[in-house]
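You will see two complexes here that share chain A, one where it goes with chain B and one where it goes with chain C.
Now for the complex of A and B:
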């Protein structure tokens, strides 16, 4: 069942276009950096980290991950999660999918597993592709990160290539974790509506609401800030500080779990009772 | 023609709900500040800081700073993205076009009315927060502290008389309206393409967010100046309250906005005058 679903989803243009766009982003980023001066100091993230791409190709995946985690990756994840059930409903093939001698719970679980796998591939694709292209362009060298948030200037940390790759791996895992809430919300919407666009836009909308209800922009909303699903997705960048603070990461993981349980639970509850007309 | 469209849109609750939401958010910001942060400095843009209860003119600046990211573009997207796509989704587009009126005039009157409502949305947000501020904190001179040039030994602040502050607020409104023009034009263009108002509105809001996301990628600096919605462009108006006034990028910003607005308006015109209307 999962195999059939995966084989079918994998061949769809939508999947290939999403993966192609994410890989093309890595290439475009590297080419743009190489063309406009790789020795420029890049200010990355909110800490901020100061990185020089020309000194090490390993800077490129850090930049790529940090610049896709707030919009482009949530968009890709919302496409996979929001389309999976609503897409069937839009084509009118949902009722035939459910006519097979398989329980609705298993049908939904299959959809969930395949959409989750494709989302994970999307998240992995960004750092892996940019790592390969970045190292080809700027070489396999130790990464120097200047900590712009340190009170003393010159707080530079040097990471060996292997350590850097390990920390990028940690960052990728953390970003993948951060996508869980968006995935679950888009998946829930997907079972509600028969228009895929609404489910995808709703998933992206959750990240936008999360960002708008951010203490930096609106005074007085600091109270809800800690419970917004996408605000702390950038904490992995602290792994490139020396020493690396880990405040808030456990809270973020628990928060993601709460969002996932809530919305996947709602999706399951709703889909089992849904009156399927299309 | 324009009057017919205006009366139609004035009768619908949608416009009033959107305008009320703009006023509501501006009021909520004012109340939240009055309750939780009396006499605290609040940051404006990248460098400025105003003390909330020193003058009524501080509130509209804070409200603008907060609403320019999402709510004002959303309001404009609703007004510009909805009218054409809504006719298609109601199935009344073909009857609308059956009148002995050229298609470009139909589109023109819809665009004009949508523009009036969009301007109204921005004005309502600024006026409500301004009035709330004046009622709560009074007609006093406005002091803006320049955080970039302030040291423990020297506070770099610019003070404006109430009349001067009001004048700058009017200029700010003009800049903000220009900044939202590209979103307006894109929403109108999208509205002529699709027959679902939701898609047009969500697409137009997404337009700003894609632009911002591209702007925030380190390594793509070359692109930054040519995007329709950027952090630099959004905070440019704060330069009006700096002393000396810093409006260095204004000409470039207006040119880029004009370019996008013109391109999308022409695209909307081409698509609407040629489209095969089935609804």
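Now for the complex of A and C:
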């Protein structure tokens, strides 16, 4: 069932457009950096890191991941998760999918697996595409990061290309982990509504709420900041500091797990009981 | 030993929220080989009953059995049933053929077992089967819906208002299609708010009103001395006209 589901989901226009847009972003970013002047120092993220793209193409995936993790990737993940069941309900094909000798649990598991796989591909596409385009444009050289944080004063960390790729891999995995809460919430909404837009908007909305209730910008919300699903998605950038602090990463992973268990569990509970009237 | 009825519904009740009782203690039996019409006005509870029959809606009370097996979501007996309820529902950017293949695969059966070509031939889709579903006319969409219902030669065909919104030529073709399927021994449960349509298509009829079955049996028995089924219905309900 997963193979059949993946085969048609892969060919959907929204899948191709989403993947195309993310890959195009990598190209546009590289062209933009080259046009601006590749020797310009780029301030990346809230950590922040200062990187010079012209010295290594490996800077591009770091910038691309940092630029997409707060909106583009949550949007892509919310599209895949929010549409997977609600989209079928909107077309009227959900009732035919369920009027078959296939348990609802199996049906939902198939939808979950395929939406998760497409979301993972979306997250991987950003660093992979930008790595290829960045290296083609600026070369395969060691990456030099100037740490703008208070922990290091004027330090410059140099990473070999292999180490840089490994740390980009870690960053990608961390960002993928950070998308789990948004995925789970949009997936749950997808089982509630027959309007896919509502589920997608809900997933994006959670990201926005999380960003608004961020103690980095609004110290007064510190009490809830620790429970917001998306605020610490940028901690992977510490991997480009020396030494690389890991504070908050375990908390972030546990928080993602709590969101996933809660909302996928609710989706499971509800979908197995719901009346399919439309 | 007599064969199990294709459909056996006892005391079926469905409440939607606290206020609405969509189905209210409905009893119905459909024996194999019958073409049973579920007739009644809009809002009588026909569609909800059919959705309970397909495991889409959970009953508040009562029992539903298909070929002697209790119905629940995903029950294996649903593999013996084909359905068209609330109109067709397909993936717009896939062709009709790919939609049917997908339907067969997601039902957990090999495409070859579904006998897709037979279903396509039965419904007269012709070369349109390879066009994108979104390019289909209303009538073509219903034909594809019927083709999906016929995949795998189901023993029971559940059709909920299968001619809604169709022009007379399409209605006639769909009626012929149903007659052809029934001649080959498939049991058909057909709902319609049009008494005239039920009278033309069905061998048996169950009249449903306010979620209850108020009369059922062979068509001639339910019509009785009345001029037609609509007149018989009006006699049964005392002048409350159905929508036709």
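We adopt the following convention: the second predicted complex is superposed on the first by the 270 of 278 C-alpha atoms of A that agree within 3 Å, B and C clash if a C-alpha of one lies under 4 Å from a C-alpha of the other, contacts with A are read in each partner's own complex, and residues count from 1 in each chain.
Operating definition for what follows: contacts are C-beta pairs under 8 Å (C-beta built on N, C-alpha and C of every residue); 3 or more make two chains touch, one makes a residue touch a chain.
Predicted model only: the values in this text are computed from it and were never measured.
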Look at where chain B and chain C land on chain A after superposing the complexes, then choose clash or fit.
-> fit
So, does A:250 touch the first partner chain B, the second partner chain C, both, or neither?
-> neither
Determine, under the contact definition given at the top, whether A:275 touches first (chain B), second (chain C), both, or neither.
-> second
Between chain B (first) and chain C (second), which does A:36 come into contact with in this model arrangement: first, second, both, or neither?
-> first
Chain B versus chain C as contact partner of A:72, first or second or both or neither | first
Please work out how little space separates the C-alpha atoms of chain B and chain C at their nearest point after superposition, in whole Å.
-> 18
On chain A, the residue positions that both chain B and chain C contact, one per complex = none
Chain C contacts chain A in the complex at 16, 48, 51, 54-58, 73-79, 81, 83, 85-94, 98, 102-103, 105-108, 148
Using the touch rule from the top, collect the residues of chain B that touch chain A in their complex.
-> 29, 32-33, 35-37, 42, 62, 65-66, 69-71, 196, 198-199, 202, 205-206, 209-210, 212-213, 216-223
Report the residues of chain A in contact with chain C in the complex, numbered from low to high.
-> 1, 4-5, 8, 11-13, 88, 91-104, 106-107, 110, 272-273, 275-278
Can you name the residues of chain A that touch chain B in the complex?
-> 29, 32-33, 35-36, 40, 42-44, 51, 53, 63, 66-67, 70-72, 195, 197-198, 201, 204-205, 208, 211-212, 217-221
